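In the two complexes below, chain A is the common chain; its partner is chain B in one and chain C in the other.
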Partner chain A sequence: MKQRAGYLFMAPVALFLLVGFATPIFIVGWYSLIEPRTFELTSDLTLANYRAAFTEGYGGPFYWSILGAFATVATCALLAWPTAKMLHARAGRGAAIVTGLIAVPIFVSESVRLFGLSLFLMPGGGILAGSLKALFGVSIGTVLNTKIAVWLGLVYVHFPFMLFPLLLGVALIPQDRIDAARDLGASRWQVLREIELPLALPGLAIGALLTFVLCIGANAEAAILGGQAVTVVTRAIEQRFSYAQDWPMGAALTMLVTLVTALVVFPVLSRIDLNRLIRR
Partner chain B sequence: MIAAEPQMTGTPADTTPALSLQRLSRHFGATRALRDVSLDIAEGEFFTIVGPSGSGKTTLLRILAGLDRPTSGALLLRGQDVTLQPPNKRPTAMVFQSLALFDHRSVGQNVEFALKMRGVGAEARKTRALELLELVRLGADYYGRPVTQCSGGERQRVALARALASDPEILFFDEPLSALDYRLRKTLEVELRGLQRRTGRTFVYITHSLEEAMVMSDRIGIMKDGALVQVGTPSQIYDRPRDRFVARFMGEVNILEIRDGRLVELDTPLPGRADGYLVLRPEALSPTESGLPIRCTVLERFQLGSRVQLHLDTPAGLMIAEQPASCTLQAGDEATFSFDPDAAHRVSE
Partner chain C sequence: MKKQLQALWLTVILVLLYVPILSVILASLANTRYMRFPHRNWSIGAYTDAFSQQETLVLHLVSLKVAALVTLLALVLATLGAMAFARYDWRGRSIYQKAVVLPIFFPQPVLGLALLLFFSALGITPSWKTAVFAHLVWILPIVTLVISIRLFGYDPAQEDAARDLGATRLQTLREVTLPHLAPGLISGGLFAFLLSWSNLPLSIFTTGADTTLPEWLFSRVATNYAPVVSAIAVIGTLASVLFGLVVLAALWMQRRAARQSSSASASISTA
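What follows is the complex of A and B.
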């Protein structure tokens, strides 16, 4: 008789998640409910930190983080779709090499890549500005230390996380469905909307969720490329925990970010059929 | 609309062919999948292209539907050159071998697809879809069902209804029945033929099954290695095949070589016939001595319903005869079979 993997097989990861995820979340949740600027876990619980989160100017950091995440998801999706279609249609050695090249930057430290990008975007002698000046005599102002630079950095860092799930998604579209739709009178745009996007949706959704979650938690892009242009919520949280020594406030902001993430992730996740993506 | 006006398909009033294929060729690298195929298909005709796998029939159909472009040659649709026209601009529709149903949509949405693409409103689409579901004998309660919950035969009908939705002038079929069981296939063959007569539309059908082709077609084209080797009515092709390939393709056959006025294998004189091959259908051999006799031993006897098939060991090797089931010959019996050499069809290659 074939023996199925029992619950015991779940034990290692369950233990790890309990110690590494559930417990910290519980502690952070607790901290978020104690008096501001205290460390008294035994004091009375209060919602003061959450009230402060909505009244004391944390709206900006939240707004920029969420907007940045959505903008990055949209940009990455627009860039990754044609790339995935092309790589799928021309599967073979060439496509494998291109896929590899897209993956390689993941192996380089993110900060190193972002400092590289900042060299590129620097005003005056930066690679972009300098080249434009030397070749075309066009002077541009600075791109570095703007919101545009943060957006470029987010897209650059997170593109592979959109592309690879989308490659799986695009592989779920059988060519004969596209042929049939064309034959039945669909224009290329209609084929995209009616056939390709719905069929590739599991891949697209996974890619979008990965990108979104990573972007909400991203910090380095704003710090290295954005200068003072924008404060993201992770930066605000970090400041609460470090300089401000206001752990309860930092904990409340953390819980709110977690909540926003959950509100985006769970509805999407419940609608996609993961089994289809892994062809089960 | 399609079912409204029944019309007969006998003689098309218009002499412009529904489709005119002019020296169509398609090369894939060094492979010549299609070689100089020329053919006219008449309005309202049920034309079947038959050939073994790899003979280029699917390539040809994809070019006719606009899903592929020929390397050279032209395709006229009612006299209009459509060679480079994309598939969504052509008044044709195809039923795919895989059916290519949209599994993420309901039966109704599948059937309505072509109408939606043309901007037909939801109400009109639904009315038409219900009409089509009726036409393919599914009925209105299938409308909201997911296609994934349909059986093989039902999916087949959905695909057919979907192709009919835009009232196409020409329908293409790429072996749509090949995955179904025998009984269902037989039923659908008859229904398809009936539908074609009722609608008066031009059907171009591809199959590797000769039987299917014989049942349904007005004319048959036989393909081999990317070329069209013979075109004719089913009986023309069965009775008067152009060469041994066609003869063999059209079912069981005995082939005897004629060289210098003699039947080579039987070592018998056969004056008055040019060199080539005699094509003898199994039913042309009878256990009498009325024609040219062949001494033989019965090797096997197979019951085929109302008829029996006999495998005979003859001086020319294995030959196949078919007789009514009343034939008493059994395996192991000695017998003399004969055929009428003057009535036998001769091919030169």
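What follows is the complex of A and C.
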């Protein structure tokens, strides 16, 4: 009875994701194996696109996307850890309101928020530069259209995705464990390294994973804040599909991003018990 | 001292999160060709311009169509999916649980591109309808998780009790299962609507000739600045905030009603 009910209820979702998620990836995989600059799925298969991916200067976009993802994960983790600890320690109405206020921007479109950030950072008449000039007579430059602006945008957009899983993780640390360690003479650093981090690891891992994956495909940050400063991998792929009309090449690059994602996601996801993290 | 420092830290985080949103609002309050803050002439001209453009309405309608349909389909499918996720313990469940969350851990623009290729391989011309499909691939897993969290706290024995007391299958569903699930359904629906309404990376590649609000904003922001762009950004965001508030109010009223009915039944049992 339970078996049958389980299969019955999972069927629609499983079927939908099979069609809408697995099949598209399979088709991209197929496209990546046909002759460059052709559109016929029935032609002979070749690895030419993958060879070109490694020899024709796509290293840059991959490098910047992966570097940006790592830098964002690290920055978000450093910012979110103390924030999560504080919110957990102050559990109550005030903390709930602050948590809610941090969540709201997730639901405001990325284009609006990044646009806002670019208005804020704009030189001359931007919100920050203009205000400083009017109030204090100070003229400042801008980081807009640099890699730093892209990094700021990535951190800004993805901070909540690190914070919320981390909040779940921090809630897994029993306070008495920390107190006991402190009583036994452990330093702050030891408590952090030997008690808090290992216990909160499932939350930290999910947060880091989510942030990394979202960042590796991110292109709006670079487009709105980076100007011409950096070409991210999604942009490079998009150019293959649109201007270059070389779908097999774009597909091969897409498969490589999928591969990088899978190499990061599967090891982490297989070690985490989702039931434990969300069941409460 | 430590407490004040912590309060300061949290305040700074909140301010930083809201400064860009505030910047859009400030920028929208002038109708000059170039952005020169602080504005010499504050005005709501950009808003009158936005409201007088047919385009504003069309953009909102496309986004609304997509988000409403995504919400409806996601709720139906995710409720079923959540039952298999959290309610029944069956062989293969742990594999299913991990497979369902995979699309969340997949870069959205890459997913959008893959779906674009998929549609064209099938000979389907992208339009707002294909965007609904694309949004669902990413949103359905999220809504399934949200409803599952609620289902984990559910005791299936209640259903057996209702059946033993003579309730039909339909009655049990309507009067026992759904009321318990209601908060999960409401927040799941809220997630689905807002995430679809604000989605950029999937829409960019899958809407074809139709344009959603975030897409339009993205294309205008990346090319040329105009105050009307800020105004439309504010209008679109306010529309979703309004929707969120209405749903949260519904959730709050539902909770209050549940509390009252449980205290009423408690008073009956004590009487």
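The working rule: the second predicted complex is superposed on the first by the 260 of 280 C-alpha atoms of A that agree within 3 Å, B and C clash if a C-alpha of one lies under 4 Å from a C-alpha of the other, contacts with A are read in each partner's own complex, and residues count from 1 in each chain.
The rule we apply is simple: a contact is a pair of C-beta atoms (placed from the backbone, for glycine too) under 8 Å apart; a residue touches a chain by one contact, two chains touch by 3 or more.
Nothing here was measured: the structure is a model prediction, and the numbers come from that model.
> Between chain B and chain C, positioned on chain A by superposition, is the outcome a clash or a fit?
Chain B/chain C on chain A - fit side by side.
> Take the Cα centre of chain A as the vertex and report the angle out to the centres of chain B and chain C, nearest 10 degrees.
90
> Based on the superposed arrangement, let me know which partner A:199 touches: chain B (first), chain C (second), both, or neither?
Touch partner of A:199: chain B, not chain C.
> Just chain B (first), just chain C (second), both, or neither: which does A:190 touch?
first
> Could you look at A:138 and tell me whether it touches chain B, chain C, both or neither (first, second, both, neither)?
neither
> In the superposed model, does chain B or chain C contact more residues of chain A?
Partner with more touched residues of chain A: C.
> Give one of first, second, both or neither to describe whether A:91 is in contact with chain B, with chain C, with both, or with none.
In the superposition, A:91 touches no partner, neither chain B nor chain C.
> What is the contact status of A:180 with respect to chain B (first) and chain C (second): first, second, both, or neither?
A:180 sits against chain B, while chain C stays out of touch.
> After superposing the two complexes on chain A, what is the shortest C-alpha distance between chain B and chain C, in Å?
Value for chain B versus chain C, nearest C-alpha atoms: 15 Å.
> Which residues form the common part of the chain A surface touched by chain B and by chain C?
none
> State the interface residues of chain B toward chain A in the complex, per the touch definition above.
Where chain B meets chain A, its residues are 65-67, 86-88, 92-94, 96, 98, 100, 102, 104, 113-114, 116-118, 162-163, 165-166.
> Considering only the defined contacts, which chain A positions touch chain B in the complex?
Interface residues on chain A, with respect to chain B: 174, 176-177, 179-187, 190, 194-195, 198-199.
> Applying the document's contact rule, which stretches of chain A touch chain C when the two form their complex?
Interface residues on chain A, with respect to chain C: 2-3, 5-14, 16-17, 20-21, 23-25, 27-28, 31, 41, 79, 82-83, 86-87, 90, 98, 101-102, 105, 107-120, 122, 124-127, 129-131, 134, 156, 159, 209-210, 213-214, 216-220, 223-224, 234, 237-238, 241, 247, 250-251, 254, 257-258, 261, 265, 269-270, 274-275, 278-280.
> Chain A touches which residues of chain C in the complex?
Those in contact with chain A are residues 6, 9-10, 13-14, 16-24, 26-27, 34-38, 77-78, 80-81, 83-85, 87-93, 96-111, 113-118, 121, 133-134, 136-137, 140-141, 144-145, 148-149, 152, 194-195, 197-201, 213-215, 217-218, 221-222, 229-230, 233, 236-237, 240, 244.
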